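In the two assemblies presented below, chain A is common to both, partnered first by chain B and then by chain C.
Entry: the complex of A and B
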């Protein structure tokens, strides 16, 4: 197990380094420089040259990259030109908000999608199954920003029940009823898409396991229907969901970016969105590295838990 | 009340009647089609099967693939709902039992499945698999259950230390032993063995067959032994019932049926058993074609399309089981 972890960690480092190279190149290849974005369209060529020199932007790309990596390994994620604040500081402010949004919506999605998938599998090809299949396909095919806009239209504008934008204050205020209610729509918008995805997987995973021979064995022992469903079918059906969770992390983050932008929720997604608009490269890079790390760690955890929940998977040295 | 029914009641009261009675068992599976998934046809997997099994006896149920043997086994246990018919265990109806009565009945009738890989839950340890029956029926304390599991593992030739291991750590033969230990955990009166050795290597088959007969002696078990291999069935059975296309075509003592089969289908099955002597020359009855579709079985005698001695009468008149010797019945006009 340790050998496996060390090997996977090594691979993860390579992946993260690769991500920094690609993102770095991509940001530098964009037309229009940082200087234009910061100094405005009326800045003179002299001013721009001075800005580029001051910030090391006149060096060759590989030199710029080495400078950046050197900072990175010393824990310095760079400095935002636009916000005049360190990227690390920005992330420590915005990242927890995104984690809260993603965490709550993923938990809500699981809590709804798992029973939904179980119910659909048990009542397969009946009216309940068909209705839920239709509903989940509709939700799954809607772009996240569209779902967010519909929710705002219904619950914030027509019904006037919930605020149309996410909580704006610091996390410590989230327990306040007003701020908490502001979190409901963003969480719903993200969860609805994930519910659709997870419940489809859950349904097919349950169907796979319902026809297994050991389910028949359990019934022959005299285990009750609920016992068979929970102990024999559900416990085996949840195994692929562990992998799915790890794999869907980047997708969920992508959804969060859009959702945060629509709800003006000051998380990492909104930070990324605003930085992309203003070519704030250090922030873009910082966010990308954090997401790459989260994805790599998520997959590592999925592999690890896979081995924990499935006795057949024993990672050998 | 007829004389026969009176006699049955007396037999049961004396505890000398058959342990398991299967009466006119029918199981038809719907074939669904069309937009609304309505039943457009029926697969007549089991089409009126009647037999008895006496206490301590082994009844071998043979037939080729698709003859309905496994469906009989599973329907008797109500693992699949019957279409009609009746099954009595010690005179108590299995099909009419309420859920709580059914749970009690399950203790008395257990099954060993064909596939030793798929029939054990991969996420449960061997101890949990064997002990779960005891747990759901509330037998003993946790410590007593553990002791029972250890004892069962040793009875089937494994060790008590294997309790904590998982099914994938065992070979096919060992897994089938676990399946047997699991079936025995609730001290059943009858064990239905549904092709218990078909998935195993030939060298392992005889070990498992010997284990099954040792257990029968030690635990006073009654077996319904389902298999397609005539040689295996002959070795373990007291009586043999031959099935073809959802119906029983011949029943009799194992030795008699194997030496002198009466039904042409039984003759064909027995002539297909290989003999370990290259000099023996015997008459081989080779059947033409495949088993017909159970959706639309042939009229009259189901076997007539492949029968070497079929006549016009067989297409019109369905042969019923009739006595053809001491304790023997066969369903053929010409037996």
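Entry: the complex of A and C
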């Protein structure tokens, strides 16, 4: 067990170093260089040279990387020249909002997708299974922003039930009925995409477990159908979903980016999008690092959980 | 540890199944291919998917030959006209015919989706096969690069890249391929690890075949099932990715368009009730992506022996 944990941790550290190298190289890929991007196209060569000298950009590339890493380790993610604020400061405003949106929508998605998947597996190749499969297939194939748009069109414009825009105030106001109702559509938009993914996995995970020997054994010993299903199969079928949660983190972050852009929800995704349009590279790269770190940690936690719940992983790995 | 990769059952079924690929579609050669084709065609949904893709291609590439409208000039007298005579799907925000735009935009979407998928799959397959076959530190290095890139959510990486470069169709293809090759690389590397210990690999080596020959002529052809399944899903993903990028404002510059661009143009008019700017392009995307996903799903079943006796 300890060996597995240590090896997995070591891998994650290597991946994090890899991510920092990639983001570092991305800054150096900028057409015209960082100085040109920040000072603008009218900057004179002297100004650019001065900027490069001031910011250590005239050092050798490996020295620049070490400086960059040193800054990162000290929590300095960069400085947004456009917003005149540190990236870390911007993130402390925006990240919690994204976490709330992601957390709620993932919980909602799980609460809906798991029963759906179970039902599809139990009623497999029957009308319920086919119609739900079709539905999830279509949902899965829809551009996330289009789902969001249609939700706005139906619920905000045609029915006039819910606000078309996400809550704009600080998190402390989210319990206020008006703000809470504003959160409904973004959560729905994000959850619909994940429901499609999760329920498809839940279905196949249930089917994988239904043909296992232990099911036959339990039935032979006289356990009822429902007992086998909920006490044995469901519990085992849920294990891969944990890994799926970890693995789908990048996708969920991507969905958050789109959803926040559509609903003008002031989270990290909207910050990222705004920065992409104004080419605010320090913010883009700072957010990228944070999101990548979250992904690595999420995968790591999912693996650890898996190893704790399923002893076979520890032995075979 | 990762989610279970679809495993090609070809080699267990028939180790010497002749591998012949023609235009992405398998020509029936040996019994394995016949069986795979049979299982595929037996799946009515997959056949429906195939039909939809063919119809969509005809609609986008042959359609403009029949439906001739001016898609270059703006027509200020006829902005955002609802569907009616002359314009079955209405006109867009600069007065262009939506039906015509749908065809031309579809060309771009399909071109980008398919080219990016081919590019990404080719590169990813080579990368994964080389890493898996080489093993040791090279494998470690190559796969850690893949892991690191996979750790950065696709859309974030895409937006950074798209913000750096001026977008055009070739650029979008390269950018999408740049993030899409990672999954095939991982899948093929996993398969290569088990394939490289097969007897026929030893046989080639004994006969004096080089490492490059083993990888290109023996290992990669034996992963063709995984490659084709993955490439099909890649097309679907690429179409969605380009649509997302277009929505985020990084599509192709006008007068060129794609389905994503059409949608993002229509977004601002949601409130005005111009539904014909939102539904046609969106439905075109969904139908095409569903079709490719259905084909990919059926191919996975067709190549996977374990699932064939359902």
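Just a few scattered comments:
One rule holds in what follows: the second predicted complex is superposed on the first by the 266 of 317 C-alpha atoms of A that agree within 3 Å, B and C clash if a C-alpha of one lies under 4 Å from a C-alpha of the other, contacts with A are read in each partner's own complex, and residues count from 1 in each chain.
FYI, a residue touches a chain if its C-beta (ideal position, glycine included) is under 8 Å from a C-beta of that chain, and two chains touch if they have at least 3 such contacts.
Since the structure is predicted, the reported quantities are computational estimates derived from the model, not experimental observations.
In the superposition on chain A, A:287 makes contact with chain C only, while chain B stays out of contact range. Judged by the touch definition given at the top, the superposed model places A:236 against chain B, while chain C stays out of reach. Between chain B and chain C, C contacts the larger number of chain A residues.
Of the two partner chains, chain B is the only one touched by A:311; chain C is not. Of the two partner chains, chain B is the only one touched by A:212; chain C is not.
Look at A:89: by the touch rule set out above, it reaches neither chain B nor chain C.
In the superposition on chain A, A:220 makes contact with chain B only, not with chain C.
Once the two complexes are overlaid on chain A, none of the chain A residues touched by chain B in the first is touched by chain C in the second.
The part of chain C that touches chain A in the complex is made up of residues 1-3, 144-145, 147-157, 159-160, 162-165, 236, 240, 243-244, 247-250, 260, 263, 267, 270-271, 273, 275, 278, 282, 285-286, 289-290, 293-294. The part of chain A that touches chain C in the complex is made up of residues 11, 14-19, 21-23, 26, 29-31, 137-138, 140-146, 149-150, 152-153, 157, 240, 243-244, 247, 249-251, 253-254, 257-258, 261, 272-273, 276-277, 279, 281, 284-285, 287-288, 291-292, 295-296, 299, 303, 306, 313, 317.
Within the complex, the chain A residues that touch chain B are 125, 212-214, 216-224, 227, 232, 235-236, 239, 309-312.
The part of chain B that touches chain A in the complex is made up of residues 37, 74, 77, 79, 102-103, 106-107, 110-111, 113, 115, 118-123, 125, 132-133, 136-137, 166, 168, 179, 182, 186.
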